[in-house]
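Chains: A, B, C and D, in written order; residue numbering restarts at 1 for each.
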Amino acid sequence: MSLDKNKIAQRIAQELEHNMYVNLGIGIPTLVANYIPKGIDVEFQSENGVLGMGPFPFEGEEDADLINAGKQTITMMPGAALFDSATSFAMIRGRHVQLTVLGAMEVSENGDIANWKIPGKMVKGMGGAMDLVASAENIIVAMMHTNRKGESKILKKCQLPITGVNCVKKIVTNLAVLEVTKNGFKLLERAPGVSLEEIIKATEAELIIEEEIPEMIL
Amino acid sequence: MSLDKNKIAQRIAQELEHNMYVNLGIGIPTLVANYIPKGIDVEFQSENGVLGMGPFPFEGEEDADLINAGKQTITMMPGAALFDSATSFAMIRGRHVQLTVLGAMEVSENGDIANWKIPGKMVKGMGGAMDLVASAENIIVAMMHTNRKGESKILKKCQLPITGVNCVKKIVTNLAVLEVTKNGFKLLERAPGVSLEEIIKATEAELIIEEEIPEMIL
Amino acid sequence: MINKVVNNIESALKGVESNMTFMFGGFGLSGIPENSIAALSKKDIFGLTCISNNAGVDNFGLGLLLKRKQIIKMISSYVGENAEFERQMLSGTLEVDLIPQGSLAERCRAGGAGIPAFFTPAGYGTEVAEGKEVREFNGKPHILETALTADFAFVKAWRGDTAGNLIFKGTARNFNPLMAMAGKITVAEVEELVPAGELDPNQIHTPGIFIQRILQGKKYEKRIEQRTVRSRE
Amino acid sequence: MINKVVNNIESALKGVESNMTFMFGGFGLSGIPENSIAALSKKDIFGLTCISNNAGVDNFGLGLLLKRKQIIKMISSYVGENAEFERQMLSGTLEVDLIPQGSLAERCRAGGAGIPAFFTPAGYGTEVAEGKEVREFNGKPHILETALTADFAFVKAWRGDTAGNLIFKGTARNFNPLMAMAGKITVAEVEELVPAGELDPNQIHTPGIFIQRILQGKKYEKRIEQRTVRSRE
């Protein structure tokens, strides 16, 4: 059965490692914070200037001066730090933030990502996405395998204007976990109950399938 | 009569303008702080990371964590600010510090300055001098007109390795005040009791002498 | 001590003119110079180029300047949430230059720090890199980005002193310290203005040297864009 | 919260080897990582490249490493006040790369910030510019300077917490925050180590993300180089 957004986030949370600094994008990636495995300490960075981001505030405790990059009111964990936008992107560009999780409209088999612009539509801008994908050591994409028209978002080549080149390392979709290798997409896991055929059918790019593909453990 | 170091500093202090941020080099320039004209507010920046530097501390109040670029113990004025070395040179390189006063071994008629290196001698380094002379809007050199051997330090062309090009605006020596113009050194003032002939004799470069040269008023 | 205080917003805005370039601190609606923007939106100045991470919302922040069509060009990283913006952009009356957020921050800092250009990996291979020099460092391609400066920078701080020193609060810091450095004239409005000497020099975020005018803001709405909360269990 | 605490200097120095590049915070003897330097001077590691604004004095600071001839190359802006340094440099056993102080600071920051190179006016027309690219911006020539990084950076702060967040004191801040960013492994020694949550997030100078190991320094001499005072009148 195809995963919902929370399950995708839950699967991505398994990628978190102890002592990692992580930047979570807007949408599904934000949900990853709800599934941090036990015994794993991570700190969340938000590019508007906070490290050690905590959960949403209790009602009545919202502070206009404390938001995340999605402009949502947040809190801070003990040991948090605040800084300006240049220092924030120094952390990102300088590869101090180790993992970036973000959404995408398309990913290609060489790891290019497109997630900021659809020609002909109102362009809102790339925000911090181009800096993040150009610099993070590890970039995981969280997205639906296909778009609303049922077309694959896992492509031989991105059709939309790209956000960054050769950067995506892993993709977790509602159907599968894919790794970007130098030979293309390697299928790692299937969503529970989803068949190999369903995944292949939903994927425009070639898939490298070695041995038997296990189901995700959630 | 030729000026002593304090008188040179006193003359340079006349160049201070209200609301100026000033960086004073080691030696004679440091003494300028003792002669701030009445009614003039200035703030002193020291490139190791303080703005609003005050006088030396009272005995027993020295703090190893509060020094100037000459490594001397200092104090701070009310409204002072502390910062790191990159921010400090952002102030300097970004031309927020308006006046730099520093010493020199040689100045040439196009405004080049040499003050960091004597070939064959132990080279201590340029410290912040190259950043300062490359960026300040206004650079005033405080120095003796001649070296210990009696040779002019005001030259057609610097003989020593230079610290910066086309940067010096004014020179105050024990004998004279000179302006660097695009046509060369223009003599502005004589030290009290020093004759035009003495100045010309002590100067290797050509001097532009228009009208009568007044004595400095100290 | 150099005194930077101006007593009212009119004095703070002295010298603003049509066709100038302005910078505005803030991320979304957090940390924006509310009083400066409101006053600018009442002045008859037009043809402005505005550098700001975002473009406000329809009736607040830079949305106020957009409504009166005072802005001819926006330099931003993200300009969603603004219908008037979209109308003007699609009709071609508003030019928009979209810049990766980190490059925007660093370009403002560079402008204030006398660094005319620097290399960054952000945007390589994308349309942001078009026309820009590409160079490889450590086996990785980078593009050359240039500094940004402005005729006026408008920033907002939590506390400030008469010498122009600023302390920001929370994530309302964001672009404010960087744009403060990059304005030929930087106007800082603060929630609380105190005499020089009251702020700990060790806690200053923006030293007064970067500020030309400081004033106590009259009123702060501090609007929240996305009020997200959790329930008490 | 990520815990960065190491309990002793041996753990803090784990992994240091001969021929590595180290950065050391401090200006003169102010704000230098005294405990790290003292411990390094007792290890049998040699052939070190050291990036530090200054080189200590004969029997303190980096002078300790110089005395044992552990350093093969110094990258600094000013290296006076050290007779042993002079001897080694003049005899050719110590290589010295002198860099304008502002360029040194910015190159360390750049190394930590993922900026591989930037243009600066400092040093144009001097021997510092030899072999470097020159380019004109706004009618003024600039030279291209590249980023500096290190295998280890050693910094010293006034207060720090278990998450690695640092607060410096006075002008002892200097190069410390910049080098903290540029070390592959950054070791921070602090005068006072407190639990995460005790420091105000708004007052942190160096966020813990830049620090890999933090420890409470055993002893601080905090030597003053030029004790200048005025008399009470």
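Note that a residue touches a chain if its C-beta (ideal position, glycine included) is under 8 Å from a C-beta of that chain, and two chains touch if they have at least 3 such contacts.
This one's a predicted model, so the numbers in the text were calculated from it and none came from an experiment.
The set of chains touching chain B and also touching chain D is given as C. Here A-C and B-C are compared, and the pair linked by more C-beta contacts is A-C.
Distance from the centre of chain D peaks at A, each centre being the average of the chain's Cα atoms.
Centroid to centroid, with C-alpha atoms defining each point, chain A and chain C lie 28 Å apart.
Centroid to centroid, with C-alpha atoms defining each point, chain A and chain B lie 55 Å apart. Chain B and chain C, compared by their mean Cα positions, are separated by 36 Å. Our note on geometry: chain C versus chain D, Cα centroid distance of 32 Å, whole angstroms. Residue positions of chain D touching 2 or more other chains, listed in rising order: 106, 109, 113-115, 120-121, 168-170, 202. Shown for chain A are the residues that touch two or more other chains, namely 50, 82-83, 86, 89, 92-93, 135.
Chain contact topology: the protein chains form a pattern that is neither a line, a ring, a star nor a complete graph. Here, these are the chain pairs in contact: A-C, A-D, B-C, B-D, C-D.
Of all residues in chain D, only 27-31, 53, 76-80, 86, 89-90, 96, 98, 100-106, 108-109, 120-128, 158, 168-178, 205, 222-232 touch chain B in the complex they form.
Listed in rising order, the residues of chain C touching chain D in the complex are 106, 110, 113-121, 135, 137-138, 142, 146, 167-170, 202-203.
Taken together, the chain B residues at the contact with chain C in this complex read 19, 21, 41-43, 45, 50-52, 76-83, 86-87, 89-97, 135.
Residues 1-3, 109, 111-115, 161-163, 165, 181, 195-197, 201-202, 204, 207-210 of chain D touch chain A in their complex. Listing the residues of chain B that touch chain D in their complex gives 46-50, 55-74, 82-86, 88-89, 92-93, 112, 122-131, 134-135, 161-165.
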